[in-house]
Every structure is written in structure tokens, then in C-alpha cells.
Amino acid sequence: MAHAPSSLLPLAPETLERLRRVSTPTLTTQLYKLGFRSTFLHGVRPLCPERRMAGEAVTVRFAPAREDRAGYEMLADPAYPQRHAIEHIAPGQVLVMDCRGVASAANAGDILISRLHARGAAGLVLDGGIRDYVSVQAFGFPVYALGPAAPAHVVRHVAVDENVPIGCAEVLVVPGDVMVGDGEGVVCIPRAVADTVAARGLEQEELEAFILEKVRKGAPLPGTYPPGDATLAEFEAWKRRRQS
Amino acid sequence: MAHAPSSLLPLAPETLERLRRVSTPTLTTQLYKLGFRSTFLHGVRPLCPERRMAGEAVTVRFAPAREDRAGYEMLADPAYPQRHAIEHIAPGQVLVMDCRGVASAANAGDILISRLHARGAAGLVLDGGIRDYVSVQAFGFPVYALGPAAPAHVVRHVAVDENVPIGCAEVLVVPGDVMVGDGEGVVCIPRAVADTVAARGLEQEELEAFILEKVRKGAPLPGTYPPGDATLAEFEAWKRRRQS
Amino acid sequence: MAHAPSSLLPLAPETLERLRRVSTPTLTTQLYKLGFRSTFLHGVRPLCPERRMAGEAVTVRFAPAREDRAGYEMLADPAYPQRHAIEHIAPGQVLVMDCRGVASAANAGDILISRLHARGAAGLVLDGGIRDYVSVQAFGFPVYALGPAAPAHVVRHVAVDENVPIGCAEVLVVPGDVMVGDGEGVVCIPRAVADTVAARGLEQEELEAFILEKVRKGAPLPGTYPPGDATLAEFEAWKRRRQS
Amino acid sequence: MAHAPSSLLPLAPETLERLRRVSTPTLTTQLYKLGFRSTFLHGVRPLCPERRMAGEAVTVRFAPAREDRAGYEMLADPAYPQRHAIEHIAPGQVLVMDCRGVASAANAGDILISRLHARGAAGLVLDGGIRDYVSVQAFGFPVYALGPAAPAHVVRHVAVDENVPIGCAEVLVVPGDVMVGDGEGVVCIPRAVADTVAARGLEQEELEAFILEKVRKGAPLPGTYPPGDATLAEFEAWKRRRQS
Amino acid sequence: MAHAPSSLLPLAPETLERLRRVSTPTLTTQLYKLGFRSTFLHGVRPLCPERRMAGEAVTVRFAPAREDRAGYEMLADPAYPQRHAIEHIAPGQVLVMDCRGVASAANAGDILISRLHARGAAGLVLDGGIRDYVSVQAFGFPVYALGPAAPAHVVRHVAVDENVPIGCAEVLVVPGDVMVGDGEGVVCIPRAVADTVAARGLEQEELEAFILEKVRKGAPLPGTYPPGDATLAEFEAWKRRRQS
Amino acid sequence: MAHAPSSLLPLAPETLERLRRVSTPTLTTQLYKLGFRSTFLHGVRPLCPERRMAGEAVTVRFAPAREDRAGYEMLADPAYPQRHAIEHIAPGQVLVMDCRGVASAANAGDILISRLHARGAAGLVLDGGIRDYVSVQAFGFPVYALGPAAPAHVVRHVAVDENVPIGCAEVLVVPGDVMVGDGEGVVCIPRAVADTVAARGLEQEELEAFILEKVRKGAPLPGTYPPGDATLAEFEAWKRRRQS
């Protein structure tokens, strides 16, 4: 099982930019149509709902703390996976942490998140808590978490691995997958389908904008949503009018 | 068990208007005094806390999805209960959906909610998720749900019935019951007691406004809350002064 | 087990004032360094996140309701522990209620909270629900709870004791302990260590402000956070400059 | 949506008899290979693990109790769905009850189960509790439930429907589906695939018996489980020897 | 709130003996008919299902452990409530412990249970774990708990009170209430109604034995269960025949 | 972080044999006295309660399944971590699998467990389900799991790693730690303290056997349990008598 970033398939150059313009509901629908049923990180919410995020995943894995393997002294070791991953993240990447769904401990706070920002990271996603919550919200960096928690992670966790496949909020995240976040939460897009999903997602967004406009003007659901042939023909005409 | 709306007892003409002015805590207290202990839908929160909602319930029931009974193609069938109920709702009614308490799938989004609004519905209540959450909040239609979720309902549910008694957030909802929502959440009022609850609720609101004023001015709890005879006499005098 | 306030160790006069300036993440860290692992009340959130709270705990304990021991008539008894505790709270104290983690019933609303305010209490903390949520938020008194709930507590609970050690949100709270709240939630500080925690907490806040400034300017984590000798020396110099 | 038994596809005559000889792990594997992922009723355990059960489902649906719609007096009404379904069950059918996953109330006890037995029913499946647990275990009729519970169902539920699609332990059960139970629990087989699953399941049982024998004699996993071509050839020879 | 045993109403002399012969389902039904809905301790199971237990409750209350208030040294203090309650229990009493529903720590093991037995106690009930589970099962003393757990209670709890009203498995238990256990679990009977419940419970047991016999012989449910006038008349005749 | 077995500290030769004679409650107490609070795998139960197990841990880690990374075809790959770990386990080792606490899927059944037995493994521990439950129980190999489940693990999991530190039932398990199981469940002993815990555990067992004998003969708790100086002196004399 090779996790080295060098072995990853390249993404199309416009994919990340496109994904920043597609909503997570649309992305889950496109993924479902490709056969993926579980791609939305349940319970993980944006600290800044107005921000959009898209980037490739690097991962950290936490295991339960034990008195001989946890404590503040570990944190000074530059090889400690939580600190090492932050210190070596590349610009545009998203750090995803497997915090085992524990909401009552904080796996990052304002200092670590400021360092991620300084490194040029695109975002932080975790199925755990965030401390300094109010100050992190004000800072504006894209963070997606279970909620606020004051206690440091060493009370519950020890970081044990970096850049391995993890579960986060019951979704598989493989290093190199594409994480996309909006005001609803976060979707993990398997890398091999990211280009396809980005392209189809943009089309669906356009079609649904058209349908929403029709429904707000009084169109009935049958034939409109999902769209029948007549609606699809109207949509094509509408697109042509917009483009010209 | 007849669920036809035609067989329903008529409500007093002023009942819905009154219920829009009574808070859900007051309604649960009046229902408790009539012997009803479980009428507040736990965990179901307003997307627009400043809106008030009151209307008669129509219902949709979802069951667990199965690969031979779910998928996007079902949604094009005008008889699919979720779509049929929305398309046939009457002005002033509230659509209540039994989503089995599943927060991780969305049973409606901005297109369906726009159609409910266009049909003149009074609101939407569900023990499930909502997609397009931020845009639905901005739209302003009264919606009460467990929270945001990106994935469409077909991942977890299939709609199987319309206008039958359901459980929603652990509360029985019978078609024709009166759903009332405010910034706290939603109460289901059994139809047979709706007129009584509306009348008594308004009286309690007035009494509690009087008590709150006294307590803010320094009155002690004993004798004031709950009110003793002296406080009740004062209240009657206060009401007379306000009316004259 | 003596619970009489008279038997309590005195706090240093500046302790409460200091604690109002230290964040709950910092407090949990200082408590962890003294050996206390579970001091943050999980899931208990501020209704007014911008308020800070610090005060000594008085407690009320609720047990499950039973038809012969619950109901609105109990509430008129001045000895009913919930009402008695509110009516006899001293200025600056924080009322902490053990509501057994039940989010679906409300153990206080705007009238009782107004009485706490009139008595000069410093705050209210409970692992239960609050009714009249929106109006309580607007009132501005420091309240920390699980969330909104319309039904009165008598549906689920009966108050059975006052000023005994309780569990609240899985944390032991002994009368006389110091409760501190901020935008993140609430920490319970064992009384015997409150002076120490207040003093050390202020120092940590200052050091972390210095570290955050360095990290925002681009300092790497190793050597900075946690601080190595060079960073600590810089910090001492920075402090001296600020003081002079 | 037609639920009338008359509209059901016929099953092959040997299907039920075959299904009684196939284990539930094998059935879930065959169903997975046909695309069905969620067919095992989680948490529903046999009261008599040594019994096997196979039969067509009839269903009852329960909703949350409410003071105006529940109580012992309902039970005397021959149309009450719980009683009506039991009284009208056909020989060989399995009664499946949607008890909303509530383990703390009992939806049947020794009298109702004795009546099911007298009617010739093949079994009872529910995601709720059973009272008179020890006596029901001794009686020997195939019952699958969440566990023992003393309180009657009227404390928590009201029966509202009969022979409609339901959810039971998070699995869709449509009237006419085939329920199969063994010492592990219960699988719901969609009617349209029951004949196929029965046939393929028997074949898999035979192959796995052969593999188990090889592994117990020391065969390594690779090539044996899952079986490679050599193992499959050996199996065919073994089958021929057994048949001759 | 007086908890002194001396202030308790006397029970009729035959009540405990009768209650040992009535099943917990019957007791919950009789209590429901008197208006009590929540009297069965959910999830608390017998270690020896064949034993019956009836006796008056004495109680111990546990709160969350904290590093300054828990540890093995406390256990040597004869005033520690857990140890004090065991050492002072009277013959025929049942010790009920509020363990906050924590299944992962053990609040008693074979030594403490042997001491309860030596003191003549009638049983032990707790919503927590039991260590030395297999040996306690073999010992045969009536114990009802959530299941086995190896860690001692000091890891999670500190005992803080004795003989106060408690919650146990979500049921109120007041000292002096009557605890009855059988193979299904435990019911708490409020003391004031124990005589009534014992008398009516025995009658119901007799009637249901008669009904079960009829149903096993083929009687239909309508008219038989619940019994109509004809069945009740038959029952009276049957009772007379049995008595003569 | 080195996980290679070669780098492990050697255990004293008698340690595993001793640990097989010490109960899990005693082990958790000795570990607590060394500062370890969380070593008992909660909810993981023996399929054969009468068996004892002790051996060094090798581990497998599962992550959530995804449609492109799960399915029966993976299982034929000899490098698939679940299969590879079983095929390469050394005699006397215990396989521990991190199944993310999912009880509704089975991570092993009779064929894989037979292979573990044929390889000479000492046991299998997992926080997941077991299929072929009844047949595995009869086989007698030491297995500790959450319970029976029919569906194969591919429905919920993909195996992603071998011999890394994992969480199992909320306890950290590092390859080389010593797993001990009895009728109560499983304890994970950090390797560095295994010799000490084995020696002290045996002493505690002997002392508690002596105390239990005294308590069954009527000794009061104070002075006996925990033992005071007089009891300890008696115990020393009793040991000398037994040894001579």
C-alpha cells in the first residue's frame, strides 16, 4: 500500500478551482451516481460557514491515550505526528485528522491553526473538538470540526501515524483524496474520480439553478424536478441564451 | 382508522391565529395539564428562529432504503409519497415527515421547499436533515429539522406512505393535528384539544408576562411563581387596568 | 461529609477576578498539570458566548420524576430544592444543577433566571435544557446549558437535594468549587487549587499570546510551541519590555 | 403501492425448506453479491438459538404512544392492528413488528405468542422487547427480539398499521419478503430474489464446509479461502465423490 | 425530606412474601393501572435468573470520580458510603446503588457481595458493572446489574451519599420502596402502594394463568385476552372449582 | 516509532504462564496502582467464558469501507492485512483487530478462526462482530468480541494496516503488549510492566482469596477489606501454614 504523494495520479489543473464552486449536496449526488454512498463527513461543521475549501488530503491518526504514551512532553518532539504533519504540510493541502469521533477533547487551537495558515494550507478537517473556538472563528481559516472543547488532546488521544488511510466521521480518507467544504460540511472525493465529479458537478449546479428559478415561479414538481425532456430542452435553450 | 381530512373535527376559526402567539413552553404546560406528557419534538430546531408557524399536519413516512426500492429514478414518479405530498399540500398546512431520526441524510432542500412555499404551505417539520441549509435559511420559509446534511434521502430512506399517523422525533403526529413552531422548536397539539389549548395558552402567556415583570422588579418566588392568591388578585387588577 | 459553606477554605481575594480573565482551555491545561483530567463540562454551552463567569458553586440535584413525587403543585412549596436554592443564593455564587444529562426537559426559564439575576447570582450551569431560550439569550445573564427545550422539568425530574456533591455533564461539582465559564463552556475548579490555578493560568495566557504572535509572524512549531529555552528567554525579555 | 398478498409473486415450492438449511452469514453474502447491503436485523437475537425459522412476512407498525391513543382498553378492540394481525396470520407466516428499536417495552408475551403458535405461524420478529421472557424461551416458538422487558407496549407505543412496508432494526421489510432466522439472528430476503438466494446459498454452504475441513487440516488461506482454481477443482471432485 | 426508616409506613406482613410470587410484567401492569409509568429498571439484568427477590430499598449514590476524591485509600474509611451501607444493611433489605448507568466500572465484586449475604441482605441492584462475575453467578445471591466489568469503581466514581432518593436505571428509588426482581429484571414499587400491588398482582397472575391455558387450547384473542364477560365468568367458576 | 517485534523488550519466561492465573479485575487493579486507568476493553466478551488467554499482541487496523476499496475480490490478495496477519501469526500470539466498535459486521468466522488455531495463535480479540457464532463457541478457541453478526466485514470495513498501534474498544494496543482474557473480558498490559503486573497480580489473588474466606465466615469489612495490619499479619501466617 503506497501512500507516497509522488505515486498519486495528477489532477486536472482546473479541478480544485471548479470544486470550490460546487456545493457539497451536489458533490454527494455526483458521487452517488458513480456508486459512492458514504462520502459526507457527518457531524463535522464549518467554523466559518461562508468560506469554501478544496484541497488534497494529508492525514494524521490518533489512538486512545495511555499514561506511558501521552502528555505534554511528547509535543516538543518534532517527530510527533500531529506537529510533524502541520510543520510539513504543502501549500494548498488540507490536513485531515482521525480523532475517533471524540467531541470532548480539542485536537487543535489558535496556535496550530495559525501555523497551518502560515504554511499555506487550504484547511483543517477533524472529527474532534477545537479549542480557542471563538478566536479561531474570527481568524477565518477554513476549519471543520465537531464543536468547541477546552481540554487538550493529550487527555484522550496520542497521535500515532501520518499520511495513512484513515476514517474521519465514518468516511474513508486516503492521502491524496480531495476534500471539499462549504457551509454544510465536508465531502471526501476519491482522487480517481475528482476530475469527473468536478465537471459533472458544475453542470448539475447550473441545471438546478434553472429548476429552482422555475419552481419559484410556480412550476409543479412533476416534469420539472427531476427534469423531464421538456424541461431539459428548455434548460439547453436557457444555457444558450446565457452564453450568447 | 380513517385519516381522510373530511372526517376531521373543525377547529375554531381563531385557533391557529391564537396559537401563533403562544410560545411552545406555554403549550407544553397546557398540554401537560390536560394529561399529555410528550408533545415537544426533541432535537428538531428552527432554521429561522424568528418565524412562528401554526397549521394542520399532513404526513409522509419514510422506511429504510433498499437497493431495489430506492434511487433517483423513483423521484420522477408523481405518486412517490414525498413528491405527491408536496405537490398536493393545501394552503396553511404543515408537512411533517417521519425520517426515523436520521440526521445524516437530507429529506428536502431548496427546490422542494420552494415548491411548498409556492403551494402556500405553512411550514415543514422533519426529524431528518436539510440540504442547501444556508440558502434555505435565507429563503425564510418556516422549516424545523435536525440540522444540515448534504446527501440526498435516497441513500438512507424510501418514502412509503402519505397521511398516516407517524412518529416524528419520538412524538405521535396524526394527520389533522396542529403543529406549532417558534424559536424553541415544535409542539404537536392533538386536534381535539387545540381550541382549548389555544385559549388557555393565551391566558397563561399574559399571567407569566405579569409575573416576569414582578420578578424583574425584585419579587421573591414564594407566592409569586407559581402565583398565590394575592398575586392572582393583583394580576386580575392589572388586566383590568390594561383593558380599560 | 460537611457541606456547610462556613467550613470552606477561604479563596484569595483576587482569585475570582483573575479567573474571569483566563480562558477555559488554559484552565483545563493548568488543572491537568495538577493531576485533574476531567474538569470541563462536556456539551454544556453558553447562551451568551461573549460573557465571562466566575463564582463559587451551590448545587441542586434532580432525580427521575415519579407520578407521586412530581407535578406543578410541588413548585409552590418554598422548600422545593430547585426553588429554595434560587431564593437563597448569595451574591456572586453560581447555581449548578445536576439534570442527569437530559436535554429534552427545561430546568429553568426566564422567570427563574430573572430571580437569580435579582439575587445577584453570578451564573447558572446545568446539564439540562432551558426554556424561553431566545428571551434568556437576550436577557444576558450567564447561563450554560445543553440547549433549548420547551417542556417543564416536572415531566422528567424531581428536585431532591440542595448543596450536595453532584455530577454535572460527567464532572464532579462540590459546593464551594469555583465554576468558570467563557465562550467555550464551563470548567469546575476544585476549591483547594483555585488560587494556584488562577495565578498560573494568567501566566500561561501571557506566554501563549506571545507564542501566537510569533507563529502568526512565521515561526516554526519546533522550539516555539511548546516553547524551548530560546523562546522562553525571548518571552521574559518581551514581558520586561511590556512592563517598563 | 399494492400490499395485498394476492398480488405477490409465487415462491418456488422448495425455497422455504432450502432457506431453513442456509445460515444467515451465507444469506447476507449471497444478498451482497446481488447488490443488497443491509438485510441483517442488527441487535435482534433468538430466544431459542437452536431453532431455525423461514417464512413470509406480515407486518405491524407501532408509533409513539399518546395519552388519547393508548391504554389497555384499546387491546379489547378486535381491529387493533397488533391483535388483528396475530388473529389473522396464516400458517407458515412470520409476524414482523416495527417497534421503533425500543428495548424497554414489551410488544408480546406468552399469551400472544401462544396464540401465534396455535395459528400455525412460523415465527415472530421484532425490534422491541419480550415479556415473560423465561417462559417464552421454554415454550420453544421461534422468537427474535432485542431482549427482555417487563412493561407492556402501551406505555411507549400504539399499533397503527398492518401489512405495510416497515423498518425493523434498520432493515426494510415488505409484506411477502422472506424472513430467515438462525442462532445468529434474522435476515430479510426481498421476495423477488428469494428463490435465487436459496439455491446459491445451499451451494455456498457446501463449498464452505469443504474449505473449513481443509483449513482445519492445515491448508493456508491463500488459494483456499477465497478458493482459487485448484481448490474449486478439488471441491468439484469431492462433491462428485460424495454424490456417488 | 425525611429519609429515616423509622418514619416509614409499615407494610402488611404478607406483602413481601406475595411479591416474591408475582412476575415483574404483572407488577408493571398493576403499577400502570395506579398511574405509575416508569418503574422497571431498564437494562438491569439478573446474574441468577432463577432467583426471586423482594425487599425494602436502602440506597447509595455515586458521583463522578475526581483525582482528589477517589482512590483505593478511601475504601479503608468505615464511613465511606459504599462500605458503610453494606456494613449496616438490615436483614431482608435490598441495597440499590446509583452508578450513573456506567457499565464499564464495577461497583461490587465477590467480597462485598459475600458480606451482603453474611449480613442477611435480600439482594443487590445497581445500574453499573459487577466484577468477579462468574464467581458471583455461582455464589447465588440475588444481584441485578448491567453486566461484567473488571475495573474497580474508583476509576469512574466516588460514593457520596447513603439512603437518599436516587435514580437507578432511569427509575426513582426512595429508601423504603420495595424492590422486586425475577428472571426479567427489577421493579421498584413505591412503598405507599406496595400492599395494593401485591394483592392485585396475585389475582392477575391467576387470571392470566387461566387465559394462557385457554389460548394454548385454541381460544381466539377477542373475548379471551383481554377477557370479556364470558371469560371472566368462566374464570370465577374455575377458581371456585380449584378452591373446593 | 519502531514496531518491529525484534525491537521488543524480552518478557520474563514465567510471565505469560502467571498471567493466565490472574483474573482481569486483579490485573486492572495492579495496572491502576502503576498509574494506568484505561486497560480493560469495554464491551468485548468471551465466546468461551471458561477459557483463559495470555499472549503478545499483533494488530490489524480497519478503516471505513468505500466502494473502490472494498469487496470480496480484495480477500484473495495474500497481502490484504486481515488475511496476511492471520497467515503470519506466530505461535502464542494474540491477534487484535481495530474494528472501530462496529457490532453489526463480522470481522472473522469459523474458517479464519480455524486458521488462527492451526497456526498456534493464543487468541483473537476484536471490537467487532463474529459470524458463525454458535460454531465458533463450540470450537473452543479463545475469541473475545462484541457479539454475533452475520454480514461480512467488507460491507463496513477495509483492512488498511498491520502491526501498528491501534485503539480497540477504547484502549490503546501496541504490538508486543500482553493481552490477557478470562470470563470477564480482556485487559491490555503495556509490555514494559507485564513482568511486574504478573508478579504482583498473583500476590493479590492470594490475599483476596484469604479475605474472601474470612468474609464468608462473617468478618466485617472494616479492617478486613481493605486489609488492616492485623489482617495482613494473619494472611502472612496463613501463607506460611499453606507453604509448609
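Going in written order, the chains are labelled A, B, C, D, E and F, and every chain counts its residues from 1.
The rule is simple: a residue touches a chain if its C-beta (ideal position, glycine included) is under 8 Å from a C-beta of that chain, and two chains touch if they have at least 3 such contacts.
Since the model is a prediction, treat every value here as computed from it, not as a measurement.
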{"item": "Starting at subunit B, fewest touch steps before arriving at subunit F", "value": "2"}
{"item": "Chain of greatest Cα-centre distance to subunit E", "value": "A"}
{"item": "Interface residue overlap between copies subunit B and subunit D, same or different (over half shared)", "value": "same"}
{"item": "Superposition rotation for subunit D onto subunit F, Cα-based, multiple of 5°", "value": "120"}
{"item": "Whole-Å gap separating subunit A and subunit D, where each centre is the average of the chain's CA atoms", "value": "40"}
{"item": "Approximate Å spacing (C-alpha centroids) for the pair subunit A, subunit F", "value": "37"}
{"item": "Averaged-CA centre spacing for the pair subunit E and subunit D, given as whole angstrom", "value": "33"}
{"item": "Set of subunit D residues in contact with two or more other chains", "value": "37-38"}
{"item": "Touching pairs - complete list by chain label", "value": "A-B, A-C, A-F, B-C, B-D, C-E, D-E, D-F, E-F"}
{"item": "In the complex, subunit A residues that touch subunit F", "value": "1, 35-38, 63-69, 100, 158, 160-161, 164-167, 170-172, 174, 190, 192"}
{"item": "Partner subunit A, residues of subunit B touching it in the complex", "value": "72, 75-76, 78, 83, 86-87, 103-104, 106, 109-112, 114-115, 118, 131-134, 148-152, 154-155"}
{"item": "Residues of subunit D touching subunit F in the complex", "value": "23-25, 27-29, 32-33, 37-40, 42-43, 45, 49, 183-185, 187, 208, 211-212, 215-216, 218, 220-222, 225-226, 228"}
